[in-house]
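Two complexes follow with subunit A in common, the first pairing it with subunit B and the second with subunit C.
Moving on, here comes the complex of A and B:
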């Protein structure tokens, strides 16, 4: 959690995750090749390289589709949260598979050209005014460059040095990469592959990602309450409405969201934005006395918004008070790491 | 997520969703029954048919 460079620590869970992921990649590539061989009709023939081009291409598309489903799915069911923790491993692997696909395509179809294979890839088809003959390779190449940028900056070293805001902005370009990838497949493989499985795969993948992302953008990420201050304080609601170790998220008008946590009979209010990657702290819970981010497990003490030693992250805290069983929050954020005395819930309310 | 990122996420998908639909419809509508390869001479294509 510190901002200095730290080598990636391979926890047993991460090792198991990566082993399953690599096994899945191997099974897919083998299975795809076997299934394609069986489905090949008379008169068709594919070399092992062409088979691998198709296998890596479809796998990269499926993996990126799956990656973009993880975030919204983690909001729907906690079962997806372990995947959220290691989403970057999937992302880097997707880039490597896409790189193999691009390398094989370039060498197989342009390696014998008189000019540089990459130049040949880009200039051999100038039909930008056509849909069915569009040079779809250029779309795939741009998507690959975006995936490279994300894979290269995926380590927390870059997150700390670029800052969570810029890092997040860079990594949101994955949505652009996905649109380019769908266009790459739609204007490429779909134009000359006649097997309906390709169309079904592309259309269903794009539809699922779009539906989940729209759901996440417009319905799942809303605050529990949008409030305007009365006499300078925001009304949160009854203390009894907050489950123990959980939070209610408030959205003050024109300001960042506030997470109001209940920890036993104490009420704490902190910024809803995790210092790591901007995760929604209010969707997490208090574990071992610390507010724990649902995205990557960063922790903060509820009483002062500081990460436990030896970590150094700090988030803003807010003053709270309870009047007649109703919790109020002062919407003015205190400096990150400022200790605040918690409000106490009376026995009758609990 | 910060406010700015939530807004950016919504804006991106307001544009990306219809764009994806348009790309898929256009690609499927323009799909040739028989794949064409303009680099092949017409005789070779006719022979293949």
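Moving on, here comes the complex of A and C:
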């Protein structure tokens, strides 16, 4: 897969988003430190490093929980979609906060001795055969490595070079990281900090993420039509069903989804998968004559699936036809960038 | 069909944010920021208090007294009230200094270091940067000679094994599972292990631990920070309580 990549440029929204995010992180960390000092009497305070370990640990858990809720929320209500497109920055920030947590733990608890801190992290508690005594540090370390892998490959360069499929697979491992993180907290901090508030927070975080994921998996807006071929062509539906500049998404059995767009009285069918990061083109719309991806705004000409000059992205196109006001699509994809003559909707239907 | 007709505020990253989305995100941003503050305050407030204990590393001074290296490095010195007090000795990090006492054991010495103190428990972190121990030319007060152990009988108590240095004030908090690996490093390095027990009346006691009059081997490490019941011989060494118990007499709870 040798096509180039374009970095998504900074937009005013992204800048505002990052400003809010960093402000939120700062508010949490200062709030936690202030409340920790207020809650303890003089001479019985937390050492600053240990307080920061706790502040960053809890924050990383809360942020990862929030991140995992964004996907399902965006599928349930489009309002959250902008968060979805900017989830990366949240992810990278969460990794950095978790890294500070891990770094301080390694330095403080495993440093100041002549044993290598990383070795100490893995061997100083040998009770791998116990549940309540399990060395929870190793779980956190694996979760951190997963977050690192994701943060490191979050740049578009990797998306372009690994291909959207593999990239997505790598980034699905975040669910594994979350499971490890929940276990890390349950077998670690919660074994010592037994106040019910912590147990409730951990359990409700895990429950909300699971429930939202399940709910959106079952009820979210999937493809608009799941179609079986009739004489080799797929039935899309009445031309009147597609609003102007918008699309209907179909899912041919065992093949990539197809977005069928209407542009005025012309009907075009293209692959539903954006070359950038696999965004759902069929949820986008036609702007300035180009199909525009809802995720980061990559554009393609509907008639041949090519990005306008100077860009070079191409997506597959499909043949269409209209019989008795019903649109049909040939589910065999044409080579990316192949021009196709659009089918025309008769006046009556418009 | 579904929502596609009605979300007319189609969002594209590079275009201007539609007004409706702007309002929504402004509210969401404010809500999340307040949420973050409330969450931070709540989570911090419910923490178990870390306990007392102080270590002012900058306050390095000289301590005079009689030193020993068995079973652990200790200095018997005079406290502010003029009475004898036993301070355990450690390096600046997670190690003991027993092996470095050598031929000075039993002699009057001057030790340079900083004090780690929790209540009447104290430890001196010796100042390894310079010559931290030297023989004292003036003889020590006779009350500083290490007294003979005074047996107090056999006891069986439930509690937690921890490392004396962190518990005395090098770390706050210094107990429980999250601190287990650190305690393990300290004790492996030669910091004396201690047993912190609480009885039914919630009275607590801290005992320095040893095994047949000697330090433990690495087989003690898996028991650290776990709730254990220990059966052993208690004795008083001046102002220290000592628990002598073989690992065979530990029971994990």
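Keep this in mind: the second predicted complex is superposed on the first by the 324 of 350 C-alpha atoms of A that agree within 3 Å, B and C clash if a C-alpha of one lies under 4 Å from a C-alpha of the other, contacts with A are read in each partner's own complex, and residues count from 1 in each chain.
By our rule, contacts are C-beta pairs under 8 Å (C-beta built on N, C-alpha and C of every residue); 3 or more make two chains touch, one makes a residue touch a chain.
Computed from a prediction, not measured in an experiment: that's the story for all the values here.
Engineer: Check the contacts made with subunit A and report whether subunit B or subunit C touches more of its residues.
Structural biologist: Between subunit B and subunit C, C touches the greater number of residues in subunit A.
Engineer: Tell me which partner A:47 touches in the superposition: subunit B (first), subunit C (second), both or neither.
Structural biologist: In the superposition, A:47 contacts subunit C only.
Engineer: Looking at A:217, would you say it contacts subunit B, subunit C, both, or neither? Reply first, second, both or neither.
Structural biologist: first
Engineer: Once the shared chain is lined up, is A:31 touching subunit B (first), subunit C (second), both, or neither of them?
Structural biologist: second
Engineer: Could you tell me if A:133 is touching subunit B, subunit C, both of them or neither one (first, second, both, neither)?
Structural biologist: In the superposition, A:133 contacts both subunit B and subunit C.
Engineer: Quick one: is A:192 in contact with subunit B, with subunit C, with both, or with neither? Answer first, second, both or neither.
Structural biologist: In the superposed model, A:192 contacts both subunit B and subunit C.
Engineer: Using the touch definition from the top, say if A:244 reaches subunit B (first), subunit C (second), both or neither.
Structural biologist: Once the two structures are laid over each other on A, A:244 reaches no partner at all.
Engineer: With the two complexes superposed on chain A, say which partner A:279 touches: subunit B (first), subunit C (second), both, or neither.
Structural biologist: It touches subunit B, and subunit C stays clear.
Engineer: What part of subunit A is shared between its subunit B contacts and its subunit C contacts?
Structural biologist: Residues 133, 187, 191-192, 194, 221, which sit in both footprints.
Engineer: Give the list of subunit B residues in touch with subunit A in this complex.
Structural biologist: 1-6, 8-10, 12-13, 16-17, 19-21, 23-24, 26-28, 30-32, 35-36, 38
Engineer: Once bound in the complex, which stretches of subunit A touch subunit C?
Structural biologist: That would be residues 8-9, 11-14, 16, 20, 23-25, 27-36, 38-41, 43-47, 50, 54-55, 58-59, 62, 78-79, 81-82, 85-86, 108-115, 120-121, 124-127, 133, 135-137, 187-189, 191-195, 197-198, 201, 221, 224, 241, 243, 246, 248, 283-285, 287, 292, 294-297 of subunit A.
Engineer: In the complex, go through subunit C and note every residue touching subunit A.
Structural biologist: So the residues of subunit C touching subunit A come out as 1-5, 7, 10-17, 21, 24-25, 29, 32-33, 36-37, 39-52, 54, 92-95, 171-173, 175-182, 184-186, 188-189, 221-222, 226.
Engineer: Using the touch definition up top, name the residues of subunit A that touch subunit B in the complex.
Structural biologist: 131-133, 165, 168-169, 172, 175-176, 178-179, 182-183, 186-187, 190-192, 194, 199, 202-203, 206, 210, 213-214, 216-218, 221, 255-257, 273, 278-280
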